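Contents: one structure, followed by commentary.
To keep things simple, chains are lettered A, B and C as they appear, and every chain counts its residues starting from 1.
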Amino acid sequence: MTTTAGTSALGQLRSGTGAVSRARQRARIPADVSLILIGACFVLPLLWLVFASLDASAGHEARLPGRVSLDNFAAIMTPGLLFQPLWNSMVLSAGTAAVNLVAAVLAAYPLSRYQSRFNKPFMYTVLFGTCLPITAIMVPVYGLFVQLQLLDSMPATIFFMATTTLPMAIWMTKNFMDAVPVSLEEAAWVDGASGLTALRTIVLPLMRQGLGVVFIFVFIQAWGNFFVPFVLLLSEARQPAAVSIFSFFGQHGAVAYGQLAAFSILYSVPVLALYVIVAKGAGSSFALSGAVKG
Amino acid sequence: MRRALKITSLIAAAGFVLTACSPAAPEAETKTLKVVYQKTDSFTALDTLFQSAKQEFEAANQGVTVALEPIQANDDDYGTKLALAVRSPSTAPDVFYEDTFKVRSDVDAGYLLKLDSHLEGWKDWDTFDDGAKAAGLGDDGGTYAVPLGTDTRAIWYNKKVLAAAGVSVPWEPRTWQDILDTARKIKASDPTVVPFNMYAGKATGEGTVMQSFYELLYGTESELYDADAKKWVVGAPGFTDSLAFLKTLYDEKLAVSPAEALDANVWKKVFGEWLPQGKMGATVEGSYTPSFWQKGGSYEWAEYGQDMGVTAFPTQNGQAPGGVSMSGGWTLAVGAETKNPDLAFEFLATALNQKNSLAFNIASSQIAVRKDVAADAGYQAANPFVKDVSELVAVTHYRPATADYPRISAAVQEATEAVITGAKSPEQAAADYDTAVKGIVGEAKTVAE
Amino acid sequence: MAVSLRRDRSGHRRRHSGLRRQARLIPVLPAVVLLLVFLAGPVLWAFHASFTNAALTGRNARSPGWIGFDNYARLLSDPMLPLSLGLTVLFVGGSAILGQNLLGLTLAVLMRRARRTVAAVVGTAVVAAWVLPEIVAAFAAYAYFSRDGTLNQLLGGLGLGQTDWLYSFPMVAILLANIWRGTAFSMLVYRAALNDIPGEVTEAALMDGARGWQRLAFITIPMIRGSIATNLMLITLQTLAVFTLIWVMTAGGPANASTTLPVLAYLEAFKFGDIGYGTAVASVLILIGVVFGAAYVRLLRESKP
């Protein structure tokens, strides 16, 4: 065993990378097979969504539709059922992401550029804030909204949702900002520009990819959020798709699985597209390492 | 270089504009009445009622807009959403649809407006049945809500299924044992049929107690609440017996499977599939049952008048009065914080006038509470069962009208769920219920049987 | 250059008045205000409300009273607490610490060996479940595990018995669903971590004849220790807060067999209208979060000088 290993190592040394890659090639097959098996398990639950949405008589099981039809999509394409909730989701998510971006950029600049006794404890508090289980504070948040008479208010819900993702957004923004060399601002400072001018003219343009990542990251989170609008937005006219799809399911539970699936797909497409943009543009692991590694 | 910033600020600005645009405050100029009620794909009668009342009311009151805000949810979720909304003055509706069993606790919470002064000047109030009027009373004796209709509960059975199993129809079970005997007979003759369904578990909410457990409990010697002493009953043998009966039904697979029973939509299958398709022998359901099957209902079934039969739920051992029914029903109430109490009441009165009440009572198969509606020929001929279910008022019971009731009901539902899933024995579940009741109302407000 | 500038400015700073120095922190204010009002506020409110008998309806809705530790005393004697805590631990331990974490690591390791296209395709499938809105993922999982769902269809095809998963084994269904939903996060973290390992290290180990699992156990894992700790902490906290998935799939049932702490808090506060008791449950959850959060912050501080 040792000898074979020794010779093969020797062989690898002689023939250089060629042997290594051949060894790798051999190692690939079991890896490929196991990956494909695991991947299949992940795809299975999603298959139902696709099949059922095209099947006018869909049930719970994933089966190829007997006759592919777009009836389900046609049935839900009504203003009340689809467009209004999607528009509400859009307003909520874009608003949340915008509030986040503004607050996070403003907060990140001094934290990234000036040393202060305040920085470290603040960043650790922020980091700590990312850990709060938001579901646990929904009961008190509801109470707070009642007291402040903010229930069923879009702007208030946006600010609350923005706050829940703000710690993560500040953390990411600061990391992206740290990556912009300070030397570039030197000239501006020498010219007498204030910090905020330097931020606007020099730092932000250089980190726009990072800002895009933060915006999309927050947008996706807000778009998928169910529990917060479920508790805070009461009138049908303001409910986002996540909540309306839930009542839709509760109402039609016994019958319209195909429509549920069709709705789910239309509702998911925007975030899937946004995710692809981030993954293609910046590399998801890049965005993630900005978020996780600190 | 600056473009990124511009885009960012544009997005930010757009976000703020969007939020600013979204509807928030009602206009100050015209007065708006906010009306909140329940609407589901199988319950649209109320929506129809309010649409018509809105037209009528707006025509009579220039400059007043009625904003209808239906909540799409089942009874339980509707209750939660309504409770969340009435708690805050900014979202509290002016007029809303309120379950009778919540009236007292919501009066206690200060959510409902006392209507006595308004009712005095409303001549229609005299046409309301006195028994039904009681549903709107608060603990102080004042009236806080006006009933839309009432209901009773009975056994609805499919004559064809019973006949196929050799049971003679009309079927009139006298005791619990009669029910089990018949159910076993059906099961033996066709194992694919669900012989006798009774709801259980938390998913069906009030349905579990109103259309199942209380028919059992009120047919025993025990009761849920001692109305004279104003105390909740614990340690009741009838409570354990009732749980044991449910356990027998579910253990012997005479009812639907526990998994199906714990689906909040199970009743839709009962009305929409199992009974019409002859896959269920009988179930305990409300007098509103025909509303699902009649023309325009959610599960139209032309032959239901011939195929279905209705009979009273029997007492445990056939003791007097020989039958048990439960009555509930829904009311309309005015929010305590309304800025226009007079207009709000006027809208309520419009919604409940003879014409609208008649249409609603027929469409939703409610038992009329207005004498002029009850006497109407169109109402009496609305479905073949009007007479049968109305007669059950003689043996009907009402839920304890106390503020604690909703939590007690939840504890009862919990006990039924524990028993049918096999998590607890009937004795254990009843003992845990007793503990729960003492925890909810305090030991002093309970009485041991 | 950057360093010199920073040092220069900090030297310069000493000459500024304290006021100027603090003025530079003004931009942080909006964030601080938001965090105070919407995060710190509710947390404090939660602790406060958990000492009252605030309710959604009934007389206590009008004028909640201070009842001291009654809610906590009731909670401690409530048989639901040990059940719910146990289920929460099972849920977090089974689906996050074991499931997502191990599966994520396995995927990341396999992806380094597998063909690039295979890795990309499988990676997309795993990530898709994670990117989907949570309610859609929950519906898909519900349909998958339901009585006449895809899983039973598959088991039936293999000639195996069919089970009503959501009824008979609700926790198994929820655990698997959460693994399905959340593994992508661990996978991405570990892929990033593995990419940071210099190629020579693995190459050298390969030449030493170290077998796959040996390389993994003695070289790779010690090198990504920090990422593992961070990942464990984050997925624990995320899983602790999962509500929607459970709510859609089982609503905590049957007979409370899947009522984790977030579900219990919701049921008590909104379904049973007992805001005071519900916030007491929520407070316990917040405290657990605080403990894990503090541990996480400590961990990061230690890993960075």
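The rule we apply is simple: contacts are C-beta pairs under 8 Å (C-beta built on N, C-alpha and C of every residue); 3 or more make two chains touch, one makes a residue touch a chain.
Everything numeric in this text was worked out from a predicted model, so none of it was measured.
Engineer: Counting only chain pairs that touch, give me the topology of the graph as line, ring, star, complete or other.
Structural biologist: Graph shape here is complete: every pair of chains touches.
Engineer: Top contact pair of chains, counted by C-beta pairs?
Structural biologist: Pair with the most C-beta pairs in contact: A-C.
Engineer: Whole-Å distance, chain B centre to chain C centre, using C-alpha means?
Structural biologist: 39
Engineer: Whole-Å distance, chain A centre to chain C centre, using C-alpha means?
Structural biologist: The separation of the two C-alpha centroids amounts to 14 Å.
Engineer: Which chain C residues sit where two or more other chains touch them?
Structural biologist: 147, 270
Engineer: Multi-chain contacts in chain A: which residues touch at least two other chains?
Structural biologist: Touching at least two other chains: 99, 102, 142, 231.
Engineer: Listing for chain B: what residues touch at least two other chains?
Structural biologist: In chain B, the residues touching two or more other chains are 84, 87, 264.
Engineer: Enumerate the contact residues on chain C facing chain B in the complex.
Structural biologist: 55-62, 74, 79, 147, 164, 166-168, 251, 253-255, 257, 270-274
Engineer: Which positions of chain B touch chain A when the two form their complex?
Structural biologist: Result: residues 1-5, 7-8, 11-12, 14-16, 18-20, 22-24, 40-41, 69-74, 77, 81, 84-85, 87-91, 263-265, 268-269, 272-273 of chain B touch chain A.
Engineer: Spell out the part of chain C that touches chain A in their complex, as residue ranges.
Structural biologist: Counting only chain C, the residues touching chain A are 1-2, 5-6, 9-10, 13, 21, 24-25, 27-28, 30-32, 34-35, 37-39, 41-43, 45-46, 49, 54, 103, 106-107, 110-111, 113-115, 118-119, 121-122, 125-129, 131-136, 139-141, 143-144, 146-154, 180, 183, 185, 188-189, 191-192, 195, 203, 206-209, 212, 227, 230-231, 233-234, 237, 240-244, 248, 261-262, 265-266, 269-270, 275, 278-279, 282-283, 285-286, 288-290, 292-294, 296-297, 300-301, 304.
Engineer: In the complex, go through chain A and note every residue touching chain C.
Structural biologist: Contact set of chain A toward chain C: 2, 5-6, 8-9, 12-13, 20, 23-24, 27-28, 31-32, 34-36, 38-39, 41-49, 52, 59-63, 99, 102-104, 106-107, 109-111, 114-116, 118, 122, 124, 126-129, 131-144, 159-160, 162-164, 166-167, 170, 181-183, 186, 195-196, 220, 223-227, 231, 241-242, 245-246, 249, 257, 260, 264, 267-268, 271-272, 275, 279, 284-286, 288-289, 292-294.
Engineer: List the residues on chain B that touch chain C in their complex, please.
Structural biologist: Touch residues, chain B against chain C: 76, 80, 83-84, 87, 102, 105-106, 108-111, 201-203, 257-259, 262, 264, 403-404, 406-407, 410, 417-418, 421, 423, 432, 439.
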